[in-house]
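Written out below as structure tokens is the structure these notes cover.
Naming follows writing order (A, B, C, D and E), and every chain is counted from residue 1.
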Amino acid sequence: MDAEAVESKDALATVEAGLDALETSSDHEDSTLIRVVRAAYPPLLALALILAVWQLLYASKIWPDWKLPGPSQVYDSLKDAFSNGDVWPAVGHSIGHGAVGFAASVALGTPLGLLVGRFQPVRAGIGPILSGLQSLPSVAWVPPALMFFGPTPAMLYTVVLLGAVPSIAVGVVAGLDHVPPLYLRVGRNIGARGLASVRYVLLPAALPGYLAGLRQGWAFAWRSLLASEIIVQSADLGHSLGFLLKNAQDTNDMAGAFAAIVLILAVGVAVNQLLFVPIERRVLKTRGLA
Amino acid sequence: MDAEAVESKDALATVEAGLDALETSSDHEDSTLIRVVRAAYPPLLALALILAVWQLLYASKIWPDWKLPGPSQVYDSLKDAFSNGDVWPAVGHSIGHGAVGFAASVALGTPLGLLVGRFQPVRAGIGPILSGLQSLPSVAWVPPALMFFGPTPAMLYTVVLLGAVPSIAVGVVAGLDHVPPLYLRVGRNIGARGLASVRYVLLPAALPGYLAGLRQGWAFAWRSLLASEIIVQSADLGHSLGFLLKNAQDTNDMAGAFAAIVLILAVGVAVNQLLFVPIERRVLKTRGLA
Amino acid sequence: GSSKSSSKGAGSDAKAAAVTSAGSAASELRLGYFANVTHATAVVGVAHGDFAKALGTTKLSTQIYNAGPAEMTALLGGQLDAAYVGPSAALSAFVQSHGEALKIVAGATTGGAELVVKPGIDGPADLKKKVLATPQKGNTQDVALRFWLKQQGLTANADGTGDVSVNPQDNATTLDQFKAGRIDGAWLPEPWASRLVLEAGAKVLVDEKDLWPNGQFSTTTLVVGSDFLKKHPDSVRALIDGQIAANQWITSSAADAQQLVNEQLKKLTGKALTDEEIKRSFSEQAATNDPQAATLQTSLDHAVATGLLKNTDLHGIFDLSILNAELAKNDQPAVSDAGLSKK
Amino acid sequence: MTATIETGPGATAVRHQPAVRLAGVTKTFRDGGAPVLDGIDLDVAPGEFVCLLGASGCGKSTLLTIAAGLDAPTQGTVEVPDGRAALMFQESALFPWLTAGQNIDLALRLRGLSARRERRAEAERLLALVRLHGAYDKRPHQLSGGMRQRVALARALAQDSSVLLMDEPFAALDAITRDVLHEELVRLWEATGLAVVFVTHNVREAVRLGQRVVLLSSRPGRVAREWRVDIPQPRRVEDKDVAELSIEITEHLREEISRHGR
Amino acid sequence: MTATIETGPGATAVRHQPAVRLAGVTKTFRDGGAPVLDGIDLDVAPGEFVCLLGASGCGKSTLLTIAAGLDAPTQGTVEVPDGRAALMFQESALFPWLTAGQNIDLALRLRGLSARRERRAEAERLLALVRLHGAYDKRPHQLSGGMRQRVALARALAQDSSVLLMDEPFAALDAITRDVLHEELVRLWEATGLAVVFVTHNVREAVRLGQRVVLLSSRPGRVAREWRVDIPQPRRVEDKDVAELSIEITEHLREEISRHGR
């Protein structure tokens, strides 16, 4: 066995140890400072690593800088955009449209998912349609939406709803399917019928799966929104993240395009880390799953 | 109380009864014929309803036919496309690329999800990046992918992977998070360490959530694929569903665009009903969840 | 100019105005165009105030598009009243609406398209096995390239196969791909042809002008929705007046016009062209009110010949009566509809 | 003081309206499979305390589920004239998204108690009854097996149904806590006139609590034998009468089990 | 025939290497919360059969989990020199994605048996041992509570570990099946020299099976008292000696529980 093989075997052992590690995780809690540092360093490390690799690739000049701009160029481009005052309205518009569209999708997708998940005939009838709709890319919806609504927020919302509602409904169905039937029986026995059963038993029981579905639903909503922002630009829609990206791409401004991508990523990460992750963690914790 | 209020109250009662109905579902099984008819009629009914409403809207002439083509026009357009010989190669190409891209995404996303789900530092470091990537629309990836790979299948796969891998990994993480810790403890106690624990305990325990994630992952993969097919056309990529749709849209051929959408929907529905639904149903059934 | 209400007092809502009696001015005119050099007429008309001045009380609202099909989709959907667009996009929208939805009421730009290629390609023979780009399948340049290739005895099939591979793709992408050596040339409108020449060292193999009689072919036209034209001919007249003024200004004060257009590009897209690029672009094209009606039929013939379109009857696509009336008022010669005004 | 009742038509019939009536209940899980329950006739009078004994896997839980209306019998009828019977499940089946107290609170709310303060007080009272003072805010996963069972008992009591079906409610409790809860249960039963069906494997417990002890046979589950327990309350598990009857019943249980093979 | 051992340092010490050694084990679930276990010292000799008694919620399950190495003590040390101890959980905890037989099969496979035929035969043997012939292909949700517990027992036995920790393994079984399994378990234990820690609420069962009975106090869990059971096997639950010692132990249990108050 040569050195490399030994090493890879060791690596495997480390992985295996790691895989076991969590299972004995002690309930011991550290001081707040240590916890903050602990929580902050892995993402920072990851970020630093990415920047380092990026800078290395850039500095190695394998690709010309109009193909792969360096971190500093992207940083400059970002700084420019911020000082232009372009960024905040764009981020605001996109997040605003995204939030409204997502909220509407949740409001529509949840009851739809409940109907599909609970009524066998509805499931057989509408279930396939939902999964079909899920498979249509937003780009396909933009032209018809444009035709019916023009380049207005109504068009954006149509595309967002068509992207997110099926996804959220499918998530609700999956969540419902994974509810142990015992809970439904208990619920019925203690007198939860109809809507009370939905509110007090079904929804809370399906909550972990539902949250996972919402997260995917948000991804669909946000992506659909950006796709339409990229394809359609109008005064009614104002500046948006998609507009920034498309503009940069149209003007072959790679650094600008990367900057827009960084912004979109940042919003995506922020929404997840500030909204979904804490909620999910709390739900799992109260149920003794984490 | 007026008649309408009474009616809506009745409707509510019906809904509540329906919501309860499944919980007492008897295990009684009917003959095969009856079962087939039962299984077939709700989707057929749904289809018939949609066609009827569509035809009604069309016949009412609220919109000109270049804005809302009628079912018969779309049917003609589909027939044309089939007789042209355009359809089968296009469907074949798209499904082929979709299948390869999805398989690769599963192969990459699953271990990635396992790592992120099981190692706290990896989760803290990579988790946010995954959710960030999930929030980038495929349209944003097409230009860079095109720049690095040209209009080749490699470009398609890049976009598909960037869309589906994060989604699948996030699905795996959600599935893992929902595994009752008791199973992990049992697994450890009966001697499942490291990779054996992954194979014999973690993955099967997370399977229902994982399947739900795969389904969303497939939706992401397929949508990303179509988005790139719509944006990029080249000899290397050949005919594809996205190509058909884009062509129709570019020539403002609404009937053609609807026909392409119908094809895409049909493929989406077929993949779900023939692949995911039966697998999910079996998994749920063996676990006593359905 | 953005006064809200029409003289009829029917309210500021465009739809409300639209149902009032024929011949009245619309309360609003929704105009689509590209933030692009070939749409200089529209850019100037908006930024220089020519449209607003001519439209008077009619409110002008503008929508920027970056592709003809999307713009025509909006027009077909009744979301736009008028649009500057390439003739091929106008053509397919005309065909899809059975000749009902729109009319070409004026030209805007002529010229400004070239086949630019890598150095070392000196003639059609060198194009075998090469990859060329066009802005969009079936658009004016795409048709021109395919027909030209056909004339040179080279095949270029609709799906990209053949002696020469034709990839319809985004112009910005084309620039990058050309720089990266992934494509060997492209048939492009301005300013992209100039950018490939100036930024990426491409050379001109064919100037589309040389292929047409008198070197005239339509690049951008003004189309209006048929309904709008029927209900508000006065507004269309005003728009055309504005365009005539804008085109006049572009021709008479070329340098100012170039500067204004470049400023607008910067404002609308965040990035301006270099002086050199904008100068070269403008030198390749010309502002005109003539839609070069005769070239449209030829162009359709070419598209049919290359298998991109089915043959259709173009009669009724033009309505140049207003334009000619207004040109007459301005002491300019009338333009020809090549017999395509009447159905 | 004790009497054996031979099973047979009419033997268990109660003159007036019963609290629970199972008539000819048969349950088969798979088409063509052997029935788990086979023609069970069982009437429980209002205010009656019936204990159900039988081998592991003979169908006791299935019977309770059917009596509670949560599963449909393959054949036969179930009547619970007073509405739905409260069922305490064998797996305590607390909702993991609620605390112990909230689990009880939900049952109170669904029963119709709307005043929040009142519900809280009642939940605390029930928790105290099952000797779980101060466990209101504990999550189910933070409780021991026996504690969970007691919360489930409190939840079943919170339903305030006139029929209480209990599936091995005290199996995970120590002898002392069990004694205490026996007393509480009997007191409650005497005070409220509840009809109780109580499944247990502890024969002494059955005799300690029940007015009637029903022995189920297995494969298929049928009513094998019944005993009327005439020992006056308060009884104790250690009482001689209880012990004697227990030994007799255990003997029959053994016979039943050996008859039906392994 | 029975002896009471006073607890105290060294009292439970076994001369040679013990099979399980807990030293000063303390467990607190929340920072600053009251400890559930407090300084538990417990040695189990190889081949010894120890029964653990204690009030519901006193920490028995927690103790077993710690002994099995599935949870870390807040303080103190755990040693199981022979590797990991097999633990039979209180909630039978079968994997729902496997059949009863496959659950056992997995334990066999992970223990190192690679021949499929051999595993199948062994699984069938273990199922027969727990009186579940022909249940190989049943899914956990198709089994009754007692049947699930028996499958879990079979799975724990399949691990073939030298230490077996059992958490109320027979709580859901009828008296007869329980008797049968008592016999099987003792036979197995005598044949293999297994060290067993057996948690139960049934005092008679503890005396029927154990060589040593350990009583835990509650809040915090400490070793309150120990008894050595010198009654020779085979014992029966009904034996007079067993009954007598049971009564004594129950008395102490009662004292413990009343001392720690409600």
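By our rule, contacts are C-beta pairs under 8 Å (C-beta built on N, C-alpha and C of every residue); 3 or more make two chains touch, one makes a residue touch a chain.
Since this is a predicted model, take the numbers as computed values, not measurements.
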Review point. Going by the stated contact rule, which chains contact subunit A and subunit C alike?
Key: B
Point to revise | Which of B-E and B-C has more C-beta contact pairs | key: B-C
Check your understanding: How far is the middle of subunit D from the middle of subunit E, if each middle is the mean of its Cα atoms, in Å?
Key -> 27
Review point. Using mean CA coordinates as chain centres, what's the subunit B-subunit E distance in Å?
Key: 49
Revision key, fill the gap. Subunit C and subunit D have mean C-alpha positions lying a whole-number Å distance apart equal to 84
**Study point:** Multi-partner residues of subunit A (at least 2 other chains)
**Key:** 23, 67, 143, 147-148, 185, 188, 231, 249, 288
Practice item. Any chance you could list the residues of subunit E touching two or more other chains? Key: 29, 70, 91, 142
Review point. Tell me, which residues of subunit C touch at least two other chains?
Key: 69, 73, 76-77, 170, 172, 176, 180
Revision key, fill the gap. Interface with subunit C, subunit B side, in the complex: residues 64, 66-67, 143, 146-147, 150-151, 231-239, 243, 246-247, 249-254
Check your understanding: Which of the residues in subunit E come into contact with subunit D in the complex?
Key -> 29, 53-57, 59-61, 90-91, 131, 133, 142-147, 150, 168, 171-178, 201-203, 250, 253-254, 257, 262
Check your understanding: In their complex, what parts of subunit B are in touch with subunit A?
Key -> 12-13, 15-23, 39, 41-43, 45-46, 50, 67, 118-129, 131-140, 143-144, 147-148, 167, 170-171, 174, 177-181, 184-185, 188, 193-195, 197-198, 208-209, 212-213, 215-216, 218-220, 222-224, 226-227, 230-231, 242, 245, 249, 254, 257, 260-261, 264-269, 271-273, 276-277, 280, 284, 288-290
Point to revise | Interface residues, subunit C side, partner subunit B - complex | key: 69, 72-73, 76-78, 89, 92-93, 95-98, 100-101, 136-138, 159-161, 165, 167-170, 172-173, 176-177, 180, 182, 309
Point to revise | Residue ranges of subunit E in contact with subunit B within the complex | key: 65, 68, 70, 84, 86-87, 89, 91, 93, 95-98, 106-107, 110-111, 139-142, 155, 158-159
